[in-house]
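Next come two complexes, and both contain chain A; in the first it sits with chain B, in the second with chain C.
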Partner chain A sequence: MSATTTFEEDNITPARRRDPLLVVLWVALVTVAAIWVAPFVFITFTAMKSNSDVMTTSAFSPPTDIAWENFSGAWKKGNFSNTFLNSVIITAVKVPLGLLISAMAAYALARIRLRWGRFLLVFVLFGAMIPFQVMLAPLFTLVNSLGLIDTYIGVILPYLAFGVPYQVFILHGFFRAVPKELSEAALIDGASHFTVFRRIFLPISLPVLAALLILDFVATWNEFAMALVLLQNKNMWTLPLGLMSFQGQFSNSYGQLNAAIVMTVLPAVIVYLIFQRYFVSGLTSGAVKG
Partner chain B sequence: MATVQVRDLKKSYGAAEVIHGVSMDISHGEFVILVGPSGCGKSTLLRMIAGLEDISGGTVSIGDRVVNALSPKERNIAMVFQNYALYPQMTVAQNLGFSLEISSVPKATIRQKVADAAEILGLTSLLDRKPSQLSGGQRQRVAMGRAIVRDPDVFLFDEPLSNLDAKLRVRMRAEIKALHQRLGTTVVYVTHDQVEAMTMADRIVVLRAGSIEQVGAPLDLYDEPANMFVAGFLGSPSMNFLKGELVPGSAARMQLESGETLALAARPEGVVSDVVLGLRPQDMAIDPERGTPAKVMVVEPTGSDTHVLAMIGDTEIACVLDGRPGIAAGEMVPLSFASDKVHFFDPKTEARLTTTGLSRAGAGPA
Partner chain C sequence: MSRISHLQSPRAQALILLAPAIGIYTIFAIWPMIEVVILSFQRWNGLDADRVWAGLENYRYIFADDPVYWIAFKNTVIWTVLSVIFPPLVGLLLALGLNEKMFARGAMRAIYYLPVIIAPIAVATMWRWMYDPFFGLFNQIMTGMGLQGWIQDWLGDRDVALYSMFIAYIWQHVGFSMVLFLAGLQGVDRSLVEAARIDGASRWQVFRYVTLPALQVTMTIVIVLSTISSLKAFDIVYGMTGGGPAQSTQMLAMWAFTQSMQIFDFGRGSAISVTLLLITLAVVVPYLRWSQKREDAAR
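So, the complex of A and B:
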């Protein structure tokens, strides 16, 4: 193809010409993605290699024969059935409950005229600004004085307290942006505030809720510091605590260690894969503007 | 009987009062339109009737109940909003049936009523669509359908047509009017569009800055506006106002501020000197014999008639001339007016002055 025809083509379909900025952005995106994926590939591959393979092959070469026994071995040695169950219980209670409380609070603050509404909102948001690390010691004292150390509820309550403000902040912003005529129309149609919340607001905020659910699930599932302080009994430990203890004991059985990491991360990945389609489809369908 | 009675209604936001004691009586089955410029309080008034806005003073009664303290759902009203406020995640059928569903009407009845409403509004083929898959006009119809399935005592409309294009607006105007004739329900309808008000209303309430200026049947307001505001608001293009002084003597003559003298076939009752003359653009004509010379500024042919903007002295005059007079900008044309259709206003109070006809017909320069 001669230079002139290329030139003409460019003139006819200017949209097809490659914008140099776009190319740069693409390169940047691919680089970032590669940096992110590299440890993941490394961990997954290593988890499936026997210890001798780990020593002899490159970190990024795929395993030749898959060492499934890494997983079962790590599961047994690390007492994973116990820590896994604890994590499941705590996350399964905390995440939906926290999201529900946040959503209801955000609705009330955004749509019901309350005398102290503004003050309450500021008060709740203030909670999101306190780094929980500085609260660890007083938190321990408080939970201890309630006799809730080494109980599920003793972890779930602080998790809720530290998780709700941020979610209220996000959901309040979202609910405020919903045209007020929408709730007014429903109120005229005879709905109570609870019905408006459940039938109108929850469905249209599905994308946001899905995003918050993913974030909160990952944060709760991986939470380490508070669990370390509040759960002293080994039998009450969550996965991150179990993983750390496992790492301390078996730091040179690379295969099993990485198998343990994969097993810890896998539920978060699954939850992400299940719920991401809600927020992707929600974001593209223009749910609110309808 | 669903009458609506508003007594001395007031609304304040903090220290600012935006509705200053409005009273009106709407009888059963009446189509009343609240009209006025932007920010005059139409929506606020309607929302107070609906129960969406707290009442700062006065009472609202629907039927024979005072509803001040009742929530919107206890008032048995239906409202159509400017942006339609359709529930985005529900289908058209679910949108229509929502109010029935939450008052636990049996499923079969809901289906029947939704089907009936869809039939009336021509939505039957769209029942399974989501609002985002509808055109503006169809959404508007769904919003109306949602109102009619409830069989309410009163319909409240807040500028329901202002998001539609001009053609569709004309059609929906006719459809809403037909719907009202068919259902016979009381309607309170808010618009800032005087054409909508003139064409649809049984009675118009003209509001300005939170107070009622005048209430009456459309043509009564058009023919006998209480003041310059109402006269200028109703009718399109707006009425021309010419300031001047009546020349003393029996024959009515008026000297404009710019110096021209007009002969009139009527004059205000009593002894007055300073007046504002009100002329509808439609009452103007080109008349080589008796017309006042005016300089043509803009000519806008609409096909059936021609809108002309002209200057008499330094006063701008809008005219709607029959047909295609074949004039161009920059020309001088002799303009006359049907002098029995003039209005006089008091320049200070802006109130209309009653006129007495004079024997001599026709008008023009003296």
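So, the complex of A and C:
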């Protein structure tokens, strides 16, 4: 974890002699960055314009009278209070619970000598690579046979299952690197593994857990394909499903459609802007350094 | 500690710690994968009580009679090739640039990464609106620059739709490759770079003989992850075109879903899924072997 990149480690020292190539590079990067934010600007502007303004004004001209009613209108028409609540409930249960069971399993695999430990580890890691998109039909069949279609549990359980591999992978790597001395003394004194896990390993892994928590929050918040097959009843839909249906029904209410996009995306963007550095450390600690 | 119970054997404790994760994972991730293989040999509409054994009939059908399968296959191949080349390449260029100390570097990194955290379905909705033939961003820009001749129905024209969709995909995924490359660049020895510069190596030579070799592992990881994520492209297809127009953006994951969940032919849908699963495994298994070996070597 020591050498992970963060977005915030800049300490800009004024260049004493400006390298011309660096200036060119900088201009190029800024230009491309402007292109990269352009869609956000366009969407936000459109979300604040009335339909007639959308049709008569240029895409990048800021709205003159802000049409706040787009947001309230989209919120009502798109049944957002419902989908928002469902997303909140599912995410609030799935994310901490998933992290807990992954951490428990990762601890056991990393710190308890088991004959089939290595096999289990590969078995779990394998799951990080298989796309659940190919299994939508059997997932539906399974959840249906358990009578859990259109329930929170019915979607939370598969979410948990597909979250386990990556989190176990990261946490296993982290736990294994913890020096033996830290846990051995406690174990010799007769503490159980549960105690060591809870009192020693969970506290020291807080930064990693925070990173995984935030990554998983975004992944769960954004998940679409599984929710699409497991949540058929409109009242159980999550935000992405609500947005999709909104697009289908009201694609000509441009202002409201864009307001709906903004409202769907905003929570993830806010979380990202606040916790930026955790995203990066969470991603890179696994993929590159693992 | 006089009371000795089962709970004190490390093995039993391990079992308790492992059970929830492994249990849920096996039931809800591994079992569906086995089930999809079983289903692919059966005829079933998803509702009836009995599932009829069909042997290889579903496979024969999708390979020989399904008018869409090979279109979806071809599109998936094109999509994967494009996704393995462009997002990593652009990501590498951005990472090389943003690895230099410069003004607003942090802000730029944040901007390039921002689309990664947005729901793919929201990206699809955003871009669908930007591609709107009448009021969308692209055609407005074309008009503004006097390029009326370039105006297109970006998602309605079957020759262009797949590539229009891919532009949105690049926009979303470049940040991911960039971050991995930035992390990889931390592993490049600064003193080695400086030594090479002092010895008179050109920028290109430093890149070619110092930086690039140091990035080899990162490169492999980025390419494998890009391949896997491109094979499972689903949300963006569903949200942007639904596979149309005239199946021109149809892909395997989407077509498997359509067969099973919309046409209610679970057998054919699962047979399509199995072919996609096999393609994925052909990438994943060698990669896992390779990373295991690397880990063993590092130990």
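Rule of thumb we're sticking to: the second predicted complex is superposed on the first by the 227 of 290 C-alpha atoms of A that agree within 3 Å, B and C clash if a C-alpha of one lies under 4 Å from a C-alpha of the other, contacts with A are read in each partner's own complex, and residues count from 1 in each chain.
Basically, contacts are C-beta pairs under 8 Å (C-beta built on N, C-alpha and C of every residue); 3 or more make two chains touch, one makes a residue touch a chain.
The structure displayed is predicted, hence computed values, not measured ones.
Residue contacts after overlaying the shared chain place A:N222 against chain C, while chain B stays out of touching range.
Once chain A of one complex is fitted onto chain A of the other, the partner contacts of A:A185 are limited to chain B, with no touch recorded for chain C. Note on chain A: of its two partners chain C and chain B, the one contacting more of its residues is C. With both structures placed on the common chain, the touch criterion links A:L257 to chain C but leaves chain B unconnected. In the superposed model, A:I149 lies in contact with neither chain B nor chain C. In the overlay built on the shared chain, the residue A:Q276 is in contact with chain C alone; chain B does not reach it. Shared-chain residue A:V88: touches no atom of chain B or chain C. Of the two partner chains, chain C is the only one that A:F194 touches; chain B does not reach it. Within the superposed three-chain model, A:V30 lies in touch with chain C and out of touch with chain B [touch as defined at top].
Residue overlap on chain A between the chain B contacts of one complex and the chain C contacts of the other covers 190, 287-290. Within the complex formed with chain B, the chain A residues making contact are 179, 181-182, 184-191, 195, 199-200, 203-204, 206, 285-290.
On the chain C side of its complex with chain A, the touching residues are 1, 7-8, 10-11, 13-14, 16-18, 20-22, 24-25, 27-33, 35-36, 39, 46, 94, 97-98, 100-115, 117-122, 125-130, 135, 137, 140-141, 144, 171, 176, 179-180, 182-184, 186-187, 203, 217-218, 221, 225, 228, 231-232, 234-235, 238-239, 253, 256-257, 260-261, 266, 269-270, 273-274, 276-277, 280-281, 284, 287-288, 291-292, 295. Touching chain A in their complex are the following residues of chain B: 50-52, 71-73, 77-79, 81-83, 85-89, 98-99, 102-103, 130-132, 146, 150.
Residue ranges of chain A in contact with chain C, taken from their complex: 3-5, 7-10, 12-13, 21-22, 25-26, 28-30, 32-33, 36-40, 42-43, 46, 54-55, 58-59, 101-102, 104-105, 107-109, 112-114, 120, 122, 124-127, 129-142, 157-158, 160-162, 164-165, 168, 190, 192-194, 197, 218, 221-222, 224-225, 228-229, 239-240, 243-244, 247, 254, 257-258, 261, 264-265, 268-269, 271-273, 276, 279-280, 283-284, 287-290.
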